[in-house]
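Each of the two complexes below includes chain A, the first together with chain B, the second together with chain C.
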Partner chain A sequence: MAADKVDPIHQFHINKLIPIEIGGYDLSFTNSALFMVATVVVAAAFLFLTTSSRSLVPGRLQSVSEMAYEFVGNMLRDAAGTQGMKFFPFVFSLFMFVLVANLLGLFPYFFTVTSHIIVTFGLAALVIGTVVVYGFMKHGLGFLKLFVPHGVPVFLLPLVVLIEVISFVSRPVSLSVRLFANMLAGHITLKVFSGFVVSLSALGAVGVAGSVLPLAMAVALTALELLVAFLQAYVFAVLTCMYLNDALHPGH
Partner chain B sequence: MFVTSAFAQESAPAADTSHAATEGDTHSGTSVPAEAHGTFPPFDPATFPSQLLWLAITFGLFYLFLKRVVMPRVGGIIEVRNDRITQDLDQASKLKGEADAAVAAYEQELTEAKTKANAIGQQAGDAAKAEAETARKKVEAALDEKLGEAEARISSIKAKAMKEVGSIAEDTASAIVEALVGGKASKAEIAAAVKSVAR
Partner chain C sequence: MADKNRPDGTGETGRGKQHEAEIRDDDLERRRRDLEASLATRRPDRLEGKDDAKAGSVAGYGQALKLSSEFIAGVVVGAGIGWIIDRLAGTSPWGLIVFLLLGFGAGVLNVMRSAGVVAEFGQGDKSRRDQDDRK
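Here is the complex of A and B:
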């Protein structure tokens, strides 16, 4: 176990807890699935229990729930207007899910759901899928105007449209890779520095004295990761709002 | 991990043998699992179906729960609070209007009372002044009367005295004449002489 602790990649391993296999696909309930469930349960229970008193003058925890609600609500209204409020439950769920998954991942020995590209890509694909489906449902082929900006000279148009299409296609990639890479890199760095503390303190008095430095670094990194956990959830939600705005108002 | 081993080589001579042995164990232990795993776990496609499935299940349930239960509730709380705040603000502005009216009424009453008080003061002052004037006039009249009386007395006394000055002079003159000449001058002569001197 001590050996595993110093391996910075070990924390990302997926272990099958309940093996399930259907039609040749491995659909096991893994530690990743366990922490998805934990994320959902923690977030839902927090939101549900803190607002159960429905106080007119909120307590601290109820304030937190209300702040999250209004924070996301204002973000969406600013980016996509009042029309965008029909996506409020979606954006709020995304924000809370990513935020709680990031924060839970900061606990030692906890699995970080958002450090797996497939999870963040799944969420990003959901966002872009929503944008595309809703865009075509609402505007029909008019949604394609998204790729044709106004006021561009005709001879430049093919180039501009190509660039717009590439930028649209790269959105799910950038959205998912940003979150995934931030969480992955942060957790690896944390683990490496914590590993230094363990290895150094095994070297006797000098090592123990020297391990103060990586320990301080690990403490500082934990604070930074806390910020990153919130920031990435925020960025994910903000970008979702902006993409949804494109679905609502495809003309530039 | 290569950094750890570098540290180990530097500080190994300083540390005692037992610690060095533990360090060696740790070091050899660390390198083994890293090499044992072929693919980097986040990029291992074997885990994708399961993760996607469970993400869909958990996120879907989370979305439904938030949409059906949590968000109407939080939205309701905030709406009720906003209504209440608007109501309270309305009431507050109404009360403020009432308070302002009361202040205005009070100030008006105060001004009226001040004017009244001024009028009363003026009146009282005028009355007192008039009374004082009459009293003064009365006193002045009495003093004038007394002054006239005194002047009349003085002039009568003066006249009497002036009249007596003549007879005294005549008496004195007759006595002087008697003493100097030894004869008696007639009363008429003396009177004539006194009169001529007095003139």
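Here is the complex of A and C:
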């Protein structure tokens, strides 16, 4: 019973809410899917409701929406230039999805969608797929110039190109691992320290007095996790912008 | 900051000794120029270091996670590609060995690239031009 309470991994379990099976594939509606839907609904409802009045002098919530818009807009313009603005809906959706999913995960008993690598890898694969498809559409085979650095001796070129290709393929992996690892590690740490509070306070008066320390730590970690939630959404969006820049202008 | 004060200090004592010995003064001039040149090459690194320190331990933790994930991703992808080639071509274990090493190279490249030491994709030429401008 006590071990079950303090199990830090338990929060990442996926439960089937509505079992669905089509053609031998398990397409069940899980708690992860539920929170993805919740993320989309919360993000969309927030943006829709706060901008529906569209007053010239924005209210508090409207200015939050406008700040989010300008933040992502400036980020994209800085990284990929004005041509990159055609990707604005894509980057903005990604940023809002990751941000809202991270923030929702901070609520007790809520499931953190981004703590599963398959979700973050799906997002990263979407980014890199867009980069590759758009790069070949716009530049044709000229996109391959991305893998050929200037000023490399000819006899080293095959080796360098191979390494550049592996480096390019590793981008979605590192992008997804970074987001996933941050969320996973943060939530496990939080759970472990909260677990200390529970198990220490079961030891009587001395334990209750001692449990103040992990409690303070848990509070501090919650603040840190809030920062990490923002920071990781930002990092994800910035890197997306940088990769899109490669698709727009390969081999400057 | 501390070594920024040092060249100024030596400069002042040099001016004081100017009347005594001109040979020593030439020597000092040369040494000052060398020092200035070496300081100029070091300045960007030091500024970056200062920014990191200012941002605090959270940013340092983020940086560490970023760099390690870059490196691990390179190695993992290299090993994965090698493994797939072995599966398809039946060249086991050579594909895995060669591509693990290449993946190691790609991981190091990723880390250096995200640390800003090496040029971005397809921009090797440009960054060199920038460095020339700085000199």
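Keep this in mind: the second predicted complex is superposed on the first by the 246 of 252 C-alpha atoms of A that agree within 3 Å, B and C clash if a C-alpha of one lies under 4 Å from a C-alpha of the other, contacts with A are read in each partner's own complex, and residues count from 1 in each chain.
Methods note: a residue touches a chain if its C-beta (ideal position, glycine included) is under 8 Å from a C-beta of that chain, and two chains touch if they have at least 3 such contacts.
Fair warning: this is a prediction, and the values are worked out from it, not measured in the lab.
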item: Simultaneous placement of chain C and chain B on chain A, clash or fit; value: fit
item: First (chain B), second (chain C), both or neither touched by A:Val148; value: second
item: Greater residue coverage of chain A in the superposed arrangement, chain B or chain C; value: B
item: Contacts of A:Leu103 with chain B and chain C, given as first, second, both or neither; value: neither
item: Touching partner for A:Ala202 - first (chain B), second (chain C), both, neither; value: first
item: First, second, both or neither for A:Val37, with chain B first and chain C second; value: first
item: Touched partner set for A:Leu231, first chain B, second chain C, both or neither; value: second
item: Which of chain B and chain C A:Ile118 touches, first, second, both or neither; value: first
item: Spatial angle chain C-chain A-chain B, Cα centroids [nearest 10 degrees]; value: 70
item: Touching partner for A:Arg178 - first (chain B), second (chain C), both, neither; value: second
item: After superposition on chain A, the shortest CA separation from chain B to chain C (Å); value: 16
item: Where chain A meets both chain C and chain B, residue numbers; value: none
item: Sites on chain A touched by chain B in the complex; value: 2-4, 6-7, 9-10, 12-14, 20, 25-30, 32-33, 36-37, 39-40, 43-44, 47-48, 51, 54-56, 58, 62, 65-66, 69-70, 88-90, 92-93, 96-97, 115-119, 122-123, 126, 180, 184, 195-196, 198-200, 202-207, 210
item: List of chain A residues in touch with chain C within their complex; value: 145-152, 159, 162-164, 166-171, 173-174, 177-178, 181-182, 224, 227-228, 231, 235, 246, 250-252
item: Footprint of chain A on chain C - complex, ascending; value: 58, 62, 65-66, 69-70, 72-74, 76-78, 81, 99, 102-103, 105-107, 109-110, 113, 119-126, 128
item: Residue numbers on chain B that touch chain A, as the complex places them; value: 1, 3-4, 7-8, 11-12, 14-16, 19-20, 22-23, 26-27, 29-30, 32-34, 37, 40-44, 46-56, 58-59, 61-63, 65-67, 69-71, 73-78, 80-81, 84
